């Protein structure tokens, strides 16, 4: 009983959130802001998974299990990505991905 | 309009508005706060989807943990106030994002559109009947989730791999973020090598000549540091 | 219905009566539900705010007694009106916002911390059937909402635009987030035994009933209870873990720049969080409202007051820990011990089952609940003692190594001095 | 499920409004005499130099990342804990292995000195 919310509402919101995240990843000048965009995209994915779990297969654990694994993946991604950025910052004093074009220090 | 629909629209506006502010804010700390607003909205969406456990987990993991990590990283890199929020290709990025959204909206939306021979939109998902309520959520869905985590016919292997992922992330992140910068390490190594070479020269007139590779490794980083 | 029943179910009768009254006036429907819920929320918030005032008085009085002082004694009998005087002062004190503050962030932080501290009270069962909402994920919800305070603290630190605030906020958050891990890990044994995350179910499991001896979980899991309590003290940032307010080191932590009502909201948040941790501890490990003779809500109040008394006791007696000790205690003692404890509880609870149904399903040895409690108690105490023994040995080894190092340095110094005396070049 | 959360939404709004009203009422009652000295950033009477940013230590980040990873690990244990009574005995082994890997991660951080605050 979702009281009149059709499935595609959730799908559209999740698609919009995904595209906002995509814009952030493509357009931002700061690597940490790019990682924020990635987090938005992962959230959009999770909304999708849970929406499909709720509407299509509430009796199966698949949607829930994948959503739970996405939490872990998001955490691992954030931890390593941000650690990389901090390391890059300490070596080059900048987190502008445009300037990170040399393989050597 | 039912109350659920009103709530959905309000929450969606919070989620999307927060998201837009995240990708446009000039101040990175504010961007991180808007990210939290967006996460909080997603919590509301999970509640509307009857996934209470995931709403609380979203709160705990994203708002209580990942956003803290992001704010710490913002503070550590000193890039809080950006001179310009976007890079030079932002119009192209905007166009790409809008096109991707248009395609997704076309495919997922309720309106059937025929382009050429193919029909897009108005997809019929299994178990989803227009105008009918969604099937009920079983009360023991969390128990089923827990069972699936330890059942190797379901997600037992994935569950254990998750732990391995956590281990790998821990090792990698600590290795990358460790206290000394790579530059300092290489500088130190170069100094040590140079000292050794000097000692070797002083120690005796005829010893083995240093291999070429080692001399180079002793010189090159020092040179690049000087260049910086 | 007898008088005793009426007294025992007082809260239930009052809340049902109010709900019925509202429905009678407005007729059943969404409006009546919303107004009933709003009234309930208002009453809950008011009660918590009143308890907060009482707590400040009790804490000052008790800590004063522990330290051989009198405590507040001017405003009213026994200083009972002191919280009201404090309130008036907070309301009428000038509230300065530093000119360089990030205004929105600065003003939102105290509101957020106080709001989310109050929200946790929606899920605490106060008496049978009297609960804001009986969530099936109760204890997980409480821990999750409790983590919102870290964000508010970072906002306060950043919004004040003050070096001390920001540094204090960073320290506080590094401490708070660390202690969330043992908190999470130590409710898991309770959930394993109760089979549910709902707080009402957990209380039910500790209530005396047919086939249920009503043993509180602290007797099953003393180690979990101890670790949870230590983590709770650290989570609420109270002495001896009050590094965030170490006024001798970082002026006053993240809320240096706050004054007047906004400062009062931070205080409210801190005390309400303490109250919440006390109630959670009383519910998870002491049996919540379960108890003989007295009415249930009185039992919960007594148990919560007892836990809060231990909080005050610690504050009155223990010195503040060092920041490195704080981190070591968490990551090197509490977390490993909790993980070992979870494994032990899982294995023992699977091997020694209390219901024939479970035995038929999964095997294991059928024992009475008392025996199961005794087995788990012994295992918990064994883990605790062996953990403490390891810690003590490690500490001794470290101390000996340090002493040896000092001794050898002294030796080297002596050698160097005598070397100079002899005229030989020292290297 | 969703109706269970309705009260939490109401509680959130009520608590927020109540706190907002308290701050607003105080703003009506209290005196307001700003002066340049009052609006300065508090720094024990020193003139503030620069902004609030100081060089933070990487140690803060490392503690936060260890916390994040353990946090998500702990969250995954909750569904299992709820299902504990209905899972077979070997499930305990699976979760023991899971916790063992988490413990290895902790030991790695320990050996690398990442848990040392100095």
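Order as written gives the chain letters A, B, C and D; numbering starts at 1 within each chain.
Going forward, a contact is a pair of C-beta atoms (placed from the backbone, for glycine too) under 8 Å apart; a residue touches a chain by one contact, two chains touch by 3 or more.
What you see is a predicted model, and the numbers here were worked out from it, not measured in a lab.
K.L.:
Comparing centres built from CA atoms, which chain ends up most distant from chain A?
P.N.:
Farthest from chain A by mean C-alpha position: C.
K.L.:
Would you kindly tell me how far, in whole Å, the mean C-alpha position of chain B lies from that of chain A?
P.N.:
5
K.L.:
Taking the mean of the CA coordinates per chain, how far is chain C from chain D in Å?
P.N.:
14
K.L.:
Please work out the Cα centroid separation of chain A and chain D, and write it as a whole number of Å.
P.N.:
The computed centroid separation for chain A versus chain D comes out at 20 Å.
K.L.:
From the mean C-alpha coordinate of chain A to that of chain C, what's the distance rounded to whole Å?
P.N.:
32
K.L.:
Multi-chain contacts only, two chains or more: what residues does chain B have there?
P.N.:
3-4, 48, 50, 52-53, 57, 60-61, 64-66, 68-69, 72-73, 75-76, 78, 137, 142, 144-145, 147, 149, 162, 166, 169-170, 173-174, 177
K.L.:
Two or more other chains touching the same residue: where does that happen in chain D?
P.N.:
1, 4-5, 53, 56, 58, 60-61, 64-73, 75-76, 78-79, 81-82, 84, 86-87, 95, 102, 109
K.L.:
For chain C, what residues touch not just one other chain but two or more?
P.N.:
In chain C, the residues touching two or more other chains are 135-136, 140-141, 158, 166, 170, 173, 177, 180, 197.
K.L.:
Run through the chains and report each pair that touches.
P.N.:
A-B, A-D, B-C, B-D, C-D
K.L.:
Can you list the chain D residues touching chain A in their complex?
P.N.:
58, 61, 65, 68-69, 71-73, 75-76, 79
K.L.:
Tell me, which parts of chain D touch chain B in their complex?
P.N.:
Of all residues in chain D, those touching chain B are 1-2, 4-5, 53, 56, 58-62, 64-73, 75-76, 78-84, 86-87, 90-91, 94-95, 97-98, 101-102, 104-105, 108-109, 112, 114.
K.L.:
Could you pull out which chain C residues touch chain D in their complex?
P.N.:
Per the touch definition, chain C meets chain D at residues 33-34, 37-38, 40-42, 44-45, 90-100, 107, 110-111, 114-115, 118-119, 121-123, 132-136, 140-141, 158, 160-167, 170, 173-174, 177-178, 180-181, 184-185, 188, 191-192, 195-197, 251, 256-257, 260-262, 264-265, 323-324, 326-328, 331-332, 335-336, 339, 342-343, 346-347, 349-350, 358, 361-364.
K.L.:
Would you mind writing out the residues of chain B in touch with chain A in their complex?
P.N.:
Listed in rising order, the residues of chain B that touch chain A are 1-5, 8, 12, 15-16, 19-20, 22-23, 28, 31-32, 35, 38-39, 42, 45-46, 48-51, 54, 57-58, 61-62, 65-66, 69-70, 72-74, 76-79, 82, 84-87, 89-90, 92-94, 96-98, 100-101, 104-105, 108-110, 125-128, 130, 133-138, 141-142, 144-145, 147-149, 154-155, 158, 162, 165-166, 168-170, 172-174, 176-177, 181-183, 186, 221, 224-225, 228.
K.L.:
Over in the complex, which chain B residues touch chain D? Could you list them?
P.N.:
Touch residues, chain B against chain D: 4, 47-48, 50, 52-53, 55, 57, 60-61, 64-66, 68-69, 72-73, 75-76, 78, 80, 137, 142-147, 149-151, 156, 159-160, 162-164, 166-167, 169-171, 173-175, 177-179.
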